[in-house]
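Next up: some structures, all given as structure tokens.
Next come two complexes built around chain A: one with chain B, the other with chain C.
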Partner chain A sequence: MSAIYIFLSFVMVFLSFSICGMLAMWMDRKVTARLQFRVGPPWYQNFADFIKLTGKETLIPEKANTFMFIAAPVLGLIATTIAGTIILLILKNQVSFSTDAILILYLLTIPSLSIILGGSASGNVLAAVGISREMKLLLGYELPFICTLVISAIKSGTTTSLGSIIQFQQQNGMILGSFSGVIGFIIGVLSLQGKLGLVPFDLAEAEGELAGGSLIEYSGILLGLFKLTKAILLIAGPLLLISLYLGGFSISSITGVITGILKYILILVLFILIKNTNPRLRIDQTLKLFWGWLTLLGFAGILLAIAGW
Partner chain B sequence: MNNKQQNTKKVVVPIGPYHPLLEEPEFFALYCEGEKVVDVEWQAGYNHRGIEKLSESKHWDQVTFLVERICGICSTSHPFAYCNSVEDLLGITVPERARYIRSIIGELERLHSHLLWVGLAGHFLGYNTVFMWAWKYREPVLDIFEIISGNRNHYAMFKVGGVRRDIENEDIPKIRKVLGELKGQIEMLTGAVLDDPVLAARLKGVGVLTKEHIKNFGAVGPVARASGVDIDVRRDDPYAAYPLVEWKVITTENGDVFDKAVVRLLECFESIKIISQCLDAIEGKKGEIQGEIREVPPGEGIGRHEAPRGECFHYIRSDGTNRPVRHKIRAPSYVNIPTFKASCIGQTIADVAIILAGVDPCYCCTERVAIYDAEKKKKLYDFKYLVEKSKEKTEKIRKEI
Partner chain C sequence: MNLKTKALKKSLWVYHMSGGSCNNCDIEILDCLTPKFDIERFGMVLVGSPRHADVLLCTGIVNKKCVERVKEVYKQTAKPCVVVAIGSCACSGGMFRDGYQMGGPLDTIIPVDVYIPGCPPKPEAMIAGIVKFLEKLK
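Moving on, here comes the complex of A and B:
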């Protein structure tokens, strides 16, 4: 693969993932609205919101570290897009290298880190509380999320290459079909819920308590970039989970695309359901959940996977 | 450690004056160490409108409209207490039909106010589904108000000596139908809220107020009843139709935010019970709805009403003219809000948010101050100044047009 090909993929992923991500966010908003007896926004609402944000004045607080304040959202956006590009290239060309799943895992922590960086650069008290929560949350969900990866890796013959995991599933059926697969999938969905900052894990933004928390000082295009990062993450995260547990997303045939979209919608619906049937958890309760129940469940899943269940 | 060092270690997390947690402008300064709140300071006064002073310049009948505008949510509580106070001064009893109608309005208001709180509490916890559902179920109550009075809020039903409008007999079946549906909906909502394990984890044992706290702060209403303090003006000092119907005061023992929610939700069923009995009593009958009042003699009167948030107290003094010479109002939130000193200290920010909301604070009821410049001993922003500002603005807009 030439550098130009990879760069073009990067641009394509940036465009397609952000558009699809915004449509997914619209679906979330629409379904949430219908659940709450509301009408909900039209399909282009998120695009309109983003365009509006680009036209708004970008305020940089006096106390802020200007460079970090501007660099943070850009960093998060680029890292998420790179993760998305790697996933898409693997899905499209079926080529991968031996530890790419670990690389994706690392890249997907960068959006959270960028929120922490940006929040701390803004010098706001509420943002400081928000980032302290985001940090704890990141530490919380990373361990169970690694368990998710490990379970899938063990099930598909001890490989950390996403391509091999997908190929394994194409030959032997989805990993979700096994006991350990179900456990890994549940943990994966909950960890992604935390990564995406959706209720019950939206405590870093916590509108009712912190009025936006870590993002409180962001406005204009910089806030727009954070929203865009969320949109791309909303595609890249579930795609990773689909690759790990649901047999991947084939983009070479129409039936493959349709089943892929259905798999994606399944995960999105799970996100929306969890989001709308739970109140926000406190940070200590969140950590108890992630480090206690989910990590234990993850270890149990790993043992089951080793035993071949 | 001296004071200065102590303060540098604490971070002030501001809640307000404008904040998604507060429906009205108020300022809570949370002094925090990490996520733990070690002290709270409260500043009020952003909403002062000088209602008590204004009241002295209105005649007796106008004041009912004025006090109705103290608060948009408990907009009947203040006229209710005010009418009770004037009737106390006059020493008259209200016609029976008017008493039933008064109770109906008072209880409908409790219904919609409690549902509003449940929704807001859900919103503050990030549980927007409860927020929207509770407010959806609040809508029919406002529809009933529209059937009765023509308005969704500010019903203007109260009048010294009676009520301003009758509830038409042909409207009663409609009201009954809506109430019947509402009962099922509130049952569903109550089940959903009280059986939710995650909500219980967030609310149980949070912001506990003991009986001693309640007595020390003089807290009233659902806040007091959730801590096992069995007080309710409707039963303790009967007025309107409350002694004529069957109902009971709901109390719980724990005093945490969860129990406050339980008390409010269960009170909704009591309110529905009271309303149906009152409707039974007036259905198919005709009767006077207002007594005749010629003039108000000199003297004093007090009136109380159990507003959705607790006891609302009005005191009036008359010198025999057509307007009160003194009108003192004590809204329930005035004594309920300061309980944060007992319930918030030592909790985390996440809990403090819901504890502050747990007393169902109504700030515009509470505002009873005017702004003075202490050094110049001069009142700032007096009525004349505000009128001038308002005229200036009108002129400016007119020129622009």
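Moving on, here comes the complex of A and C:
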């Protein structure tokens, strides 16, 4: 595979994931609005938001570290897109190496890190509170998320290669069909919810008390880049979960793509349901949930997986 | 009209700033978000930071303590931004125009684009005011 091909697929993933991600974000807003008996925004809303943000002035606060302030959102965006590209190439069966799942795990941490970097570079007190919460949240959901990966890896014959995990599931059925699979899937959905900053875990961006939280000083195109990162993450994260638990899908045939979209919508609906039926958790409750219940559940899942259930 | 202006018209993010109001105007602003009026269908959302805002909604006579703060918030807002004076107080001083604390009205402090009088103005009036402004926006 040539470098040009990889670069082209990077660009393709960037464009397609950001467009699909914004549509997914619109679905989230629309369904939320309908649940609250409102009409909700039109389908192009997130595109309009982004285009508007590119036209706005970008303010850099006096106290900020200018380089980090600008570099952080770019870093997050690139890392998420690379993760998306790797997942997509694995689904196309073109890339597979023995530890790619671990690499993706690392890459998906970088968007949260970029928020932390950007927030701390902006030199704002409220941003500092926001990033301290974001940091604790990151430490919180990372451990259960690793359990998710480990369960799926053990179930598919102790491999950390996403390609072989998908192949295993194509021959033996989805991992979700087993006990430990269900446990791993639940933990995965909740950790991703935390990664995406959706409602029960949106404490880092708390509009009410932190005035935008870690992103408080960002304006214009830089804020747009953060929104874009979130949109791409909203596609890449569920795709990882689909590959780990729902057997992946092939993007070369039309039926494959349709099953893929259906699986994606299933996960998105779960996200929206959790988001709309739960109030925001405090930081101590969040940590208790992640480090207490979910980690214990994760360990139980790993034991079950080793026992072959 | 270019694409960016079109997008701006479809996605106004609102920052709500109280310059010493009696709290009634603020409640009416929040009414706009309820299912009955639902301004999110026009793409308007309430944001928490002036850096994200396209619209500054200012309520109340700007009292002497608030003058500096209102100026500061206006400076912090990313331009282009629209300033809306909500309520008779912000437009002209209303019944408090002779008060000892009067530092405003708003347009003596920062440039105002839209005036929405009323004590407090109805949510319908606010939506009508913004829509009239958007029609004029080039």
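Methods note: the second predicted complex is superposed on the first by the 307 of 309 C-alpha atoms of A that agree within 3 Å, B and C clash if a C-alpha of one lies under 4 Å from a C-alpha of the other, contacts with A are read in each partner's own complex, and residues count from 1 in each chain.
Here, a contact is a pair of C-beta atoms (placed from the backbone, for glycine too) under 8 Å apart; a residue touches a chain by one contact, two chains touch by 3 or more.
From a predicted model like this one, the values you see are computed outputs, not experimental measurements.
J.: In the superposed arrangement, which partner chain does A:V150 touch: chain B (first), chain C (second), both, or neither?
T.: It touches nothing on chain B or chain C.
J.: Thinking of the overlay built on chain A, is A:R38 touched by chain B (first), by chain C (second), by both, or by neither?
T.: It touches chain B and chain C both.
J.: Going by the contact rule set out at the top, does A:P200 touch chain B (first), chain C (second), both, or neither?
T.: first
J.: Counting only touches as set out at the top, which of chain B and chain C does A:T54 meet: first, second, both, neither?
T.: It touches chain C, and chain B stays clear.
J.: Could you say whether A:S219 touches chain B, chain C, both of them, or neither, answering first, second, both or neither?
T.: second
J.: Would you sort A:Q285 into first (chain B), second (chain C), both or neither based on which partner it touches?
T.: After superposing on A, A:Q285 lies in contact with chain B but is clear of chain C.
J.: Of the residues on chain A, which ones does chain B touch that chain C also touches?
T.: Overlap of chain B and chain C footprints on chain A: residues 36-38, 207-208, 210-211.
J.: Quick one: in the complex, what on chain A touches chain C?
T.: Counting only chain A, the residues touching chain C are 29, 33, 36-42, 44-45, 47-49, 51-52, 54-59, 207-208, 210-212, 215-220, 223.
J.: Would you mind writing out the residues of chain B in touch with chain A in their complex?
T.: 11-14, 19-21, 32, 34-35, 122-133, 136, 196, 198-199, 201-202, 348-351, 353
J.: Hey, which residues of chain C end up touching chain A in the complex?
T.: Residues 3-8, 10-11, 35, 38, 40-41, 43, 46-49, 51-52, 54, 76, 78-80 of chain C touch chain A in their complex.
J.: Would you tell me which residues of chain A are touching chain B in their complex?
T.: Of all residues in chain A, those touching chain B are 32, 35-38, 125-126, 128-129, 132-133, 199-200, 202-203, 206-211, 276-285.
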